Amino acid sequence: MSEPATVKMVEYADAGAEVRAVYDDIMATKGIDFVPNAWKTFASHPPTLKRLWYGLKEVMAPGALDPKFKEMIAVAVSATNGCDYCTRSHTAAARKLGMTDAEYGELLAVVGMFNQINALAEAYKIPVDAVFMKPFGAGPSPVPQGDGEAPSS
Amino acid sequence: MSEPATVKMVEYADAGAEVRAVYDDIMATKGIDFVPNAWKTFASHPPTLKRLWYGLKEVMAPGALDPKFKEMIAVAVSATNGCDYCTRSHTAAARKLGMTDAEYGELLAVVGMFNQINALAEAYKIPVDAVFMKPFGAGPSPVPQGDGEAPSS
Amino acid sequence: MSEPATVKMVEYADAGAEVRAVYDDIMATKGIDFVPNAWKTFASHPPTLKRLWYGLKEVMAPGALDPKFKEMIAVAVSATNGCDYCTRSHTAAARKLGMTDAEYGELLAVVGMFNQINALAEAYKIPVDAVFMKPFGAGPSPVPQGDGEAPSS
Amino acid sequence: MSEPATVKMVEYADAGAEVRAVYDDIMATKGIDFVPNAWKTFASHPPTLKRLWYGLKEVMAPGALDPKFKEMIAVAVSATNGCDYCTRSHTAAARKLGMTDAEYGELLAVVGMFNQINALAEAYKIPVDAVFMKPFGAGPSPVPQGDGEAPSS
Amino acid sequence: MSEPATVKMVEYADAGAEVRAVYDDIMATKGIDFVPNAWKTFASHPPTLKRLWYGLKEVMAPGALDPKFKEMIAVAVSATNGCDYCTRSHTAAARKLGMTDAEYGELLAVVGMFNQINALAEAYKIPVDAVFMKPFGAGPSPVPQGDGEAPSS
Amino acid sequence: MSEPATVKMVEYADAGAEVRAVYDDIMATKGIDFVPNAWKTFASHPPTLKRLWYGLKEVMAPGALDPKFKEMIAVAVSATNGCDYCTRSHTAAARKLGMTDAEYGELLAVVGMFNQINALAEAYKIPVDAVFMKPFGAGPSPVPQGDGEAPSS
């Protein structure tokens, strides 16, 4: 898309010290040598740039889940919301982290299926089974005897 | 929720042979001894019951991605869509398949973050960087030199 | 749901002449003897009550499309948006206008399928075929030679 | 839009026998002589291509509802979700099946109105009237005495 | 975007008297000398043009809230829905009415934050605190002792 | 709603020092003497609790926009997303900050109207007028001569 953002993007050369420090951390963290348009756009409001970057960096860091999985979740959310920029940039990011053709195909198959089932659950107003109501971590035996949709091995 | 569905749910005892066969496959595949409300609701229109169940079974089967990951994708999509039934049932399913507290916390952190960033990408109308436009599988070197948001290791 | 609305609903007995006139027209137009909660809620802001009621009355009146079809469209939109009140009230309205079990089953099958395909079209960023770009009514031959998804007879 | 899909689309000439069989059925069923981009994209993951095409073919076939109506439902869902590809392709498909200017104008009027009312129902948290809670097909007298929004004749 | 609308837009020169009267009121009300594409598109169905324009004019007029604030609400809603046309046109409108860079930055920060928190509230199925359930205007003391998220001064 | 969250909420008495410090700041900042359920839920994953609370506190603080306006934006976003918890809690918060009945009525009228117009803009695929494409802050004369929907004074 050649249409401009709604604000003037802040180029590195025009950025103040505070914004440059974030840009430097973005490039170092990602191992890239350019600042993606998302960050040049958010820099139009420096508190937003900082809150989003440091929040995203924390959320996407390796932890209980690995970064490739996290990028794939980002694709699932972005596609469900219909966000063009995020779908493209996180699909590229997941590929860079090793997502294969087969993994991508299965990821989107799940995304498509649940957008379908979500709409039908809302349309039919399906009552929630009592077994699904137990909160996670609420006691010594949090695993229900049966579940809803998970094919068990 | 005690509100009824918009249709009369089909109990096993009242189901015809075609519906019972699907119910039996659902219970056998999942290793449960009851039919969740979703399937009793979809059974009000048997072609829907069959298309959804056999489609879901195919999509959620182990493949390039494992079933726990697939259930977590289902949670991400269902939460983004605000679907009550699906969020609860697939959160329960992912727990049954071994999702830990820490994994669940990180999953939702990613889901929340990208709902935020998606909205801002749409609000600011961020132009897509050219580097994100290359289609997956389009040539011998599909990996871009730099990506958008993925923290590289 | 027994939870209250965010505003005090305006009962007929407490309504002023302006609101009562709308309530009377609602009941006469629909052939019912009570004021549904939606209208008692909108009456908390009389300009909203009037704009919505007279707008809805115009839009849902018989015209090129018949009222049953229009109620079914309302169900499709409301389910896609996940709106509880609207899904229930318009499902009831479509039933009252004669929607059969089979019609309802097929309606929701279409609603579910397109929520799936919409998400996948956004995920894969499918380019629009040139043939789908011709505006409706733009010339003597508005019908494309081929289309996208319509099974032709 | 000239932006590419996130995957390499599979052209007929490059497709294997399994994919070609689906392409042939798509063209024969629709009476067209080209494969729309949606299917060339889904073919990047053959199980997705097959599940979606045979599912869609079943759902959109003539039944209790006619195909033109079904395409119009597809437009309503796609517009509500803001899906570019689907909105354009199914608007074209509905036109090919005979949707008139007047029908299209009324369809979108309903779509717009319910996107408005859905948002307000969610904003005001309107409690569902008890009369709308009775499930469809739950007994010998499923038709409520009064409904919510349907103008009766 | 150079892609056409799905209908032929109605130019002033080609419009009938009824449509021209609306166009004249639009230009006079807004103090502009052209008809934006939205209205030329809605004019393809004159009842829609009239209902939307006179509805919008009423809703956006100065009242308890000032027009700049109302345009900013329009931006918040449009960004949340991912609507390209509306996001751009109402961002431009709010700027024309005096929205500053700082106001715009804060507006979008709030929009982003609540898209995040909304998704998490849906994901975790947070129960509503009883104190938030009291309807507005329901008695002499509608102000709760404590609230949810509002930083008090 | 009496349904539990998907996690065990963390009560003050059971919280560790880190979580208690956040809880104390929440109560002090808001001037309330209880911890709303949202925060007790987010505390199931302490990094989420901290990132959301300190992010929200920064975003909602008085700045170029006043807190009441910010809470009203939160209501607009939450209603558009159909988020029950957020709609109720931020409606209560805006009331506490002085939002009047008339302001609330007008707020929701705008929210409803733009959910309608957004859907129609997506349905008709309205091309963006060139005049709306100029980025904010891109030069000495950022104000277009004409805008789209803003009624000028």
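In this document, chain identifiers A, B, C, D, E and F correspond to the written order of the chains, with residue numbering beginning at 1 in each.
What we mean here is this: a residue touches a chain if its C-beta (ideal position, glycine included) is under 8 Å from a C-beta of that chain, and two chains touch if they have at least 3 such contacts.
Please read all numbers here as calculations on a predicted model, not as lab measurements.
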Fraction-based call for chain F against chain E, same above half, different below: same
Chain of greatest Cα-centre distance to chain C: A
Superposing rotation of chain A relative to chain D, computed on C-alpha atoms, to nearest 5°: 120
Chain pair among B-D, E-F or B-F whose interface repeats that of B-C, sharing over half of the contact pairs by residue number: B-F
Rounded Å distance between chain A and chain B, as computed from the means of their C-alpha atoms: 15
Averaged-CA centre spacing for the pair chain F and chain D, given as whole angstrom: 32
Whole-Å separation of chain centres (CA-atom averages), chain C against chain F: 27
In chain A, residues with contacts to at least two other chains: 1, 3-7, 44, 47-48, 51-52, 55, 59, 77, 80-84, 87-88, 91, 101-102, 104-106, 108-109, 111-113, 115-120, 122-125, 128, 133-134, 136-137
Complex contact set, residues of chain F against chain C: 1, 82, 87-88, 91, 101-102, 104-106, 108-109, 112, 119
In the complex with chain B, residue positions of chain A that touch it: 1-7, 29-34, 36-38, 41-42, 44, 48, 52, 55-57, 59-65, 67, 69-74, 76-78, 80-81, 83-86, 88-97, 100-107, 109-111, 113-129, 131-134, 136-137, 142-153
Residue ranges of chain C touching chain A (in the complex, touch as defined): 75, 79-80, 82, 84, 87-88, 108, 111-113, 115-120, 122-125
Chain E partner contacts - residues on chain C that touch it in the complex: 3-9, 44, 47, 51, 55, 58-59, 128, 133-138
Of all residues in chain E, those that touch chain D in their complex: 1, 3, 6-7, 44-45, 47-48, 51-52, 77, 81-83
